[in-house]
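Pasting the structures in now, so scroll down.
Common to both upcoming complexes is chain A, partnered first by chain B, then by chain C.
So, the complex of A and B:
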């Protein structure tokens, strides 16, 4: 009994000690890859303020969303187009209720099975273990070129006015 | 005398207390706008590891640089093309030797006097007050479109394979 109680307390400690970022990251991958949205919804504050900056004409699941339902719907749209193969975290900063990281993200386009590798940076803020604010910046030009499957010709800055 | 000593100690305290990020930010603006590179060089570790991800065909001052001289040269190239009007910091995380922030950056293209507004995220690591590692992610597609001065037509993801 004492052993069981200790194990239970230790498990509680582990749960308490784990930063909300890791739970969010797992829930997001589970939502995108397996289309199980319950864990993700459970980690979102009702009034979550969410923005992934990028060209919404090409990627309609990017952009700003307010509130849990709108965010789950955006992730559902993303899951329709992409699958996450792996997150490679290059830099991480954590404090009690905040997290920032830069991540190399290996994706697959669901329609073509084409691999896409992109880099993003995010800043997440949590309250009582729920996500209340997310800002994500993506290396969007690289993402667009990979999704198109061809380079976009660019002039050199200064060679036009 | 006591007053002077106190003032001097207080100044020392202020210098010690200020996070290296703010000094780096001022030095960078001074380098880009006034082409004074001494303060910036002074804040860079000899072996600084520096990368700003983005299309180097259009912006040759982006990309990876190793060491102080190479970084100063890249900032010199940047200063040739752009002027910084303002940094608007949207999110900041600091710890003792690290800093991450997301910044809305108001620039002017020097050749055309055209205003450019872009968003970037950076992760900086310092040692003994000197920058040893910098990673910057830019919302590059938006930056490219603004620099071109025209939108790039994009198909919607899923409408091609």
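So, the complex of A and C:
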């Protein structure tokens, strides 16, 4: 009896000791690759404020979403298009309720099996272990060129900065 | 606490940069400071990797020569060990036609002995290029995509 209580307390301690980022990371990977969305939904605050910046005309799963249902739907769309093959965290920073990281990621387009390599940065904010805010920034110009399989030719205009 | 010092150092750098005080900015950086932005350098050549104070200053001067005003809002700031990360919304006003370029950038700063040694940036480059060249890039790209039957 005491052993079971200790095991339960220890498990609670481990869950509390683990930063929410790691649970979110596992749940996202499971949602995208295996299309299991329950764990992810459990980790989202009802009013989660979510944005992955990028061209929504080309990638409808990008853009801003408000609320758990909208975020799960966006991840469902993402999972329909892409699979995560590998990712390498180049930088991870954690504080009590927040996290930021820079990740290099190898993805595969589900329709063509085309590999896509991208680097993204994210900022996450948690409250009571649930995600309340996420911002993701991606080098989207490169992402679009890889998806197209060719460089984007711009109309000629003077000089840019 | 090292995180607090590093956080203050980065905030000083961001403010000095916005004010165009590059002497102050560089006084917060190491001599061999590195600047790396994930960006299409054939379109934005000044954003190629830079190393050393002189090269980094030259890049910033190039940007300043094309924009008359810079404002920023820090959306998130995180410090952990020798690193600080900032999610910054930047507003630049073009010198040529007064149009505003607005973009969000994730900046990761690495510090050593109180000085910034590395600045690494990731941004939504597709949107940034659209604003810089003033062209609906998405429409241009979609036009040339094969149509689904």
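FYI, the second predicted complex is superposed on the first by the 144 of 161 C-alpha atoms of A that agree within 3 Å, B and C clash if a C-alpha of one lies under 4 Å from a C-alpha of the other, contacts with A are read in each partner's own complex, and residues count from 1 in each chain.
In this text, a contact is a pair of C-beta atoms (placed from the backbone, for glycine too) under 8 Å apart; a residue touches a chain by one contact, two chains touch by 3 or more.
Because the structure is predicted, anything quoted here is derived from the model rather than measured.
**Student:** Looking at the superposed three-chain arrangement on chain A, would you call chain B and chain C a clash or a fit?
**Tutor:** When both complexes are placed onto chain A, chain B and chain C end up clashing with one another.
**Student:** Give one of first, second, both or neither to describe whether A:80 is in contact with chain B, with chain C, with both, or with none.
**Tutor:** first
**Student:** Answer with first, second, both or neither: which of chain B and chain C does A:144 touch in the superposed model?
**Tutor:** In the superposition, A:144 touches chain B and chain C alike.
**Student:** Counting contacts the way the document defines them, which residues of chain A are shared by the two interfaces, the one with chain B and the one with chain C?
**Tutor:** Touching chain B in the first complex and chain C in the second, residues 53-55, 57-58, 91, 93, 95, 98, 100, 102, 119-121, 123, 135, 137-144, 148, 152, 154-155, 157, 160-161 of chain A appear in both lists.
**Student:** Taking the touch rule as given, give the residues of chain A at its contact with chain C in the complex, in rising order.
**Tutor:** Listed in rising order, the residues are 53-55, 57-58, 91-95, 98-100, 102, 119-123, 125, 135, 137-144, 148, 152, 154-155, 157, 160-161.
**Student:** Within the complex, which stretch of chain B touches chain A?
**Tutor:** Against chain A, chain B makes touches at 53-55, 57-60, 80-81, 90-91, 93, 95, 98, 100, 102, 109, 111-112, 119-121, 123, 135, 137-144, 147-148, 152, 154-158, 160-161.
**Student:** Any idea which chain C residues touch chain A in the complex?
**Tutor:** 38-40, 43-44, 46, 62-63, 65-67, 75-76, 78-81, 83-85, 87, 104-106, 108, 120, 122-129, 132-135, 137-142, 145
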